[in-house]
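What follows is a pair of complexes built around subunit A, which joins subunit B in one and subunit C in the other.
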Partner chain A sequence: MFSIAMKMLFHDRAKFVGLVLGVAFSTLLINQQLGIFIGLISRAGAVVVDVPEADIWVMDPGVKNLDTIFPLRDTELGRVRGVPGVAWAVPLFKSNVTIRTGNGELEASLLIGVDDTTLIGLPPQILMGNIDDLRRPDAVAVSEEGFRKVWRGQPISLGNVAELNDRRAVVVAIVKDSPKFTSSITFFTRYSQALQYTNNGRNQMSFIVAKAAGDQTPEAVSANITARTGLKAMSSPAFRWKAIEYVIQNTGIPISIGTVVALGILVGIAVVGLMFNLFVLENLKQFAVLKAIGTSNLRLIGMVFLQAAVVGFVGFSVGLFGATMFFETAGKSPTFQGFFLPWYVAAGSGAVAAAIIVLAALFAMRRVLFVDPAIVFRG
Partner chain B sequence: MQRYFQAIFSLLAVLGAAFLLTNAIQSIRKNTPKDQQVEVKVLPPTAPISQKTTLPENGSAFIGGVGIVEPVGEATVIGSQLSGVVEKVFVTPGVLVQVGDPLLQLNARSAMADVVVAQAELRAQQSKLQELAAQVEALRARLDAAISMQDQATASEANAKRENERANSVGISNALSQEEIDTRKLNWETAKAKFRESQARVREAQASLNLLDGKPIAASLEVQKAAVAQAEAGLVRAQTNLELRTIKAPKAGTILSVKIREGEFVPASILANPLITMGQIDPLHVRVDIDESEIPRFRKDAVATATLRGSSGKGVQLTYVRTEPLVIPKRNLTGTVAERVDTRVMQVIYSVSPQAIGATVGQQVDVYIEDISKDR
Partner chain C sequence: MTQPDNAAIAIECRDVIKDFGSGNAKQRVLHGIDLDIPIGATTFLVGPSGCGKTTLISIIAGLLTATSGSVRILGQEITKMRGGRVVRFRANNLGFIFQQFNLLPSLNAVENAAVSLVVRGSTLASAKRQAGVLLDRLGMEKNKWKYPNQLSGGQQQRVAIARALVHNPRIVISDEPTASLDAETGHEVMELLREVASGVDRAVVVVTHDNRIFPFADYIATMSDGRIHTFQKNSTNLSPNEISTDQR
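Our next item is the complex of A and B:
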């Protein structure tokens, strides 16, 4: 009986392809847009991701995201170190500086100052150079993407000299960092060196990054730090989420991308629902015959669902493949770093595809259930 | 034929879809960034773990502070009382000196000339004194002469007096002319005057002698002695001036820095860059800045541990010396040129052996002090 359902489905190939494309297009839109959305908002917390050693971030109580910073007093570092449960704490400097590129143009860049002793805060992935060279005078590490922007068209190499606020900066290492929301050029240098590059105020320490000791959770230690120092302390994931939430609440990104996703779902439902309905209508005669020879309603429903499931499976597969191909090929472009298709988006789009198919099948089933077997004889 | 084709198409569609799906899933897996757990390569200064285990969790709090290594009693910065050009520098950094060892020699030519002048002046005044002493004998002789003149006058006067009395006595008066009587009277008067004159001469000679040989005070001699003393003092002053051109170590210790070279000019004032810095560096002191908000939690008998910047792991235990009674604005020692004031700190001095800490003067250390304030 189910082979008859399959025969029915594949009999009209044009309609089958139409059904599949409807689901595929919907899946593609949802995955591509949500993938970009998640990649984009993740950039808001990229600086946090680049310090995987630490699990606690301490900042001024008024800080809402990673771009608006109120520097802390230097003595706060000692206070945070004294809080029970803090295994270690190091300063982290973050500031925007203007850099003159190789061809004389100005670019905004991010300057991260990492702890002098331990270099905590430097991204773990070093593409070129030795990280200990950062201890040399005037030494900076630059992100791969930043290098391409500052020294356009030059092969990636070490030893290039840039100018940061009138001071000399020698590239001693190329690192791979998470792509940022605002600027794609990131320089990493020692904390003391970073102060030299930006010397612009009494208080300089942007953040303190710390590690919870032993078996204590970062959340508990953070609460401890907040209670004892009056500063805001958050675990790394929480801070990252806070930065992402800020983007969600304060930009139009969720609305614009949400609209496209909704349209994708709507188009999917409309196209697939109508086509499936049309398909069932066209094959109503066959269903009537089956009914006339005594096939039960339950079995007919099973047939319709099988047809719908096959359409959904094929359509979803094609759509998902298309979406992953998009991220694969686009991901090769250096300006499109950090975008990927999270598995939960793929799974969610699968659920949406299933919902579209079930809706379409339910809609079409009405006709199959109430078909009068007599129509076979009416010609 | 048609049926086979349809079967193959349906099979291909489903299998192809399955293939695409597995491909897509693999791609998702591959491109999803891994959550990286990165361990710290170099451990930052941490609160000492060994002591944490000896304390219960509820009490294992620490006061963190930044310390600076300094000589015992802080560094002594050597200055000069006199300005001048440096002729010789006797010490180099790291040299151990004793009290009084010469450190710097300023050019002393004018001071030496002053000494010679003062010596000549002293000699002149001394000679004058000797000259005065030599005059005493002559004056004595004059006094003796005056006394003998006085004796003569006394005798003459007595003689004249007797002659006069004899002339005036009865019996004789008729024997002498009035003229003779008058002459005798006048002679007596003259002898009296001569006697008074000789008395005055004796007094004069006595006074002259007294100026040089008087008891208890010989005024002229005293004046000259004072002049000699003055010349002696002038010599001492010139010699002191000469000595001050050699700057000497005020105490035993190690030379920490020498910022002056031969031929440079040294002003006699307080300098931002001291000429020479010295101090006692065994044991070393660690001056710890404790934030004002941590002061209530500080106890002097709490265990304190210092970790060097740039080195990790276990720190060195410190010995409490004293707490500075004055809470001062923090001099921020982040290494920038401009020193900034942002909060007040209490300074606590700890002592540590230089071998144990392996640090030199001026180095910064991270210090952890146990918070035992809750135990009380």
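Our next item is the complex of A and C:
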């Protein structure tokens, strides 16, 4: 019976392909858009991700995210270090600087100043060069993407000289950092060197990054820090989430992506529902014949659901394959660098595809259920 | 009304009434049908258009419920069976041949003929083997793998005959099997139907307008205005041999 159901389904190639494409389109859209969405908003917390050694971030009580910074007084570092449960604490500098590229254009870039002694704050992955060279005067490390933007067309190499706010900066290392929301050019240098590039004098600590002692949770130590110093302190995941939340609440990204996803689902339901209904309608006489010669309603419903399930499975596979290919190829371009397809998005889109199919089958099932087998004797 | 003498009864209709619609639109289509259809014979049901022939055989087949009355098939009261049992009863005991052939366009000839077995739970492969043998007997050796849209009307009706008989039902019901065919093809199809369908323990019921095929009937029941008028042994009945000679 089920092989007959399959033959019925594949008989009308055009309709089968249409049904499959309907599901595939929905699946592709959902995965591609949500993948991009998650990739995009994850960038909001990239600076936190790039300091995996630390699990606590300390900042001015008024700071809400990674982009609006108010400097801390130098004396706060000592106070934070004195809070029980703090294993270590180091300063971190973060500022936007303007850089002149190789062909004379100006680009916005991010400057991160890391602790002079420990160099904590450098991303873990060094692609080229020796990080100890950062201790030399005017030495900077640059992100791989940043190098490609500043020195367009040049092979990745060391020794290039840039101008950061009109001061010399010599590239001694290339690092792989997490893609940022705003700029893809990031320079890393020592904290003291960073102050010279921005020549703003004292009181320039953007954040203090710290580590909770082995036996304590970052959340508990953060609470201690706040209690003792009056500064805001948060665990790394919490701060990262705050940054992401800020983007979700303050940009049109969720709405625009949400709209596309909702449209994808709606179009999927409408197209697949209507087409499947049409498919069953066109084959209604056949279902009536099968009923007349002794096929039970349960069997017929089973056939309809099997047909729908096959459409759903093939469509979902095609759509998921398309989305995977998108992230495979697009993930290599700088714009979508680091974008991927989270498993939970794929699983969610699978649930949506299943829902579309069940809806379509339920909708069409009624016709099969109520078709009068007596019509087989009529023209 | 003559009843078949000393023949076993396959289908027994008693005071079968059928109304369509309700209230003012109510129309009585069958006015108390009494009819005994013998086993081991071919019975024709003839009468003017609209007299209720199709309605009657639909009720006999359990595809339509009678307003009142009783229909016993092979000793079982079909009007009292519940949905699932009627369906199973049909699958096991009935074979259908329709005017419009009603083959499944997505299946080839063998697969179409095999459907009645698949419906009863056979695998498609084994069903196709049996269907193939039967199609050979019906002169379809060369056309077994063709799809309905590649077959002539007569060939399609042969496939339909195979589908109606492959599961060896006790009762074969056929509504205007030759009406969509030209005279010669209709004659051929009836000849084949008679050859493969008739058997001592099988009843064949044929609804028809087509008096050219009357010679194939063992019994003829005439109907008009929702009533059975006559039921007679067919005097013009020809033995299968005679029909064949007649043709050549």
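Heads up, the rule we're going with is that the second predicted complex is superposed on the first by the 376 of 379 C-alpha atoms of A that agree within 3 Å, B and C clash if a C-alpha of one lies under 4 Å from a C-alpha of the other, contacts with A are read in each partner's own complex, and residues count from 1 in each chain.
Quick note on the criterion: contacts are C-beta pairs under 8 Å (C-beta built on N, C-alpha and C of every residue); 3 or more make two chains touch, one makes a residue touch a chain.
A quick note: this is a predicted structure, and the numbers were derived from the prediction, not measured.
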Inset, instruction - Please indicate which partner A:351 is in contact with in the superposed arrangement: first for subunit B, second for subunit C, both, or neither. - result: neither
Inset, instruction - Check the residue A:285 against both partner chains and state whether it touches subunit B (first), subunit C (second), both, or neither. - result: second
Inset, instruction - Name the contact category of A:374: first (subunit B only), second (subunit C only), both, or neither. - result: second
Legend entry - Residues of subunit A touched, compared between subunit B and subunit C (which is higher): B
Inset, instruction - Could you say whether A:11 touches subunit B, subunit C, both of them, or neither, answering first, second, both or neither? - result: both
Legend entry - First, second, both or neither for A:331, with subunit B first and subunit C second: first
Inset, instruction - Could you say whether A:161 touches subunit B, subunit C, both of them, or neither, answering first, second, both or neither? - result: neither
Inset, instruction - Determine, under the contact definition given at the top, whether A:295 touches first (subunit B), second (subunit C), both, or neither. - result: second
Legend entry - Touching partner for A:73 - first (subunit B), second (subunit C), both, neither: first
Legend entry - subunit B and subunit C contact sites that coincide on subunit A, given as residue numbers: 7, 10-11
Legend entry - Parts of subunit C lying in touch with subunit A, wherever the complex brings them together: 54, 57-58, 61, 63-64, 83-84, 87-92, 94-96, 98-100, 102, 104-107, 111, 115-116, 118-120, 124, 163, 175
Legend entry - Parts of subunit A lying in touch with subunit C, wherever the complex brings them together: 1, 3-4, 7-8, 10-12, 285-286, 289-297, 372-374, 376-379
Inset, instruction - Please name which positions on subunit B make contact with subunit A in the complex. - result: 6, 9-10, 13-14, 16-18, 20-21, 23-25, 27-29, 31-33, 36-47, 57, 60-66, 289, 291, 293-294, 309-310, 312, 330, 332, 334-336, 338, 340, 342-343, 345, 366, 368, 371
Legend entry - subunit A residues touching subunit B - in the complex, by the definition given at the top: 6-7, 9-11, 13, 16, 20, 52-53, 73-75, 77-84, 86-90, 115-120, 124, 192, 195-196, 199, 202-204, 211, 213, 310, 313-314, 316-318, 320-321, 323-325, 327-328, 331, 340-343, 346
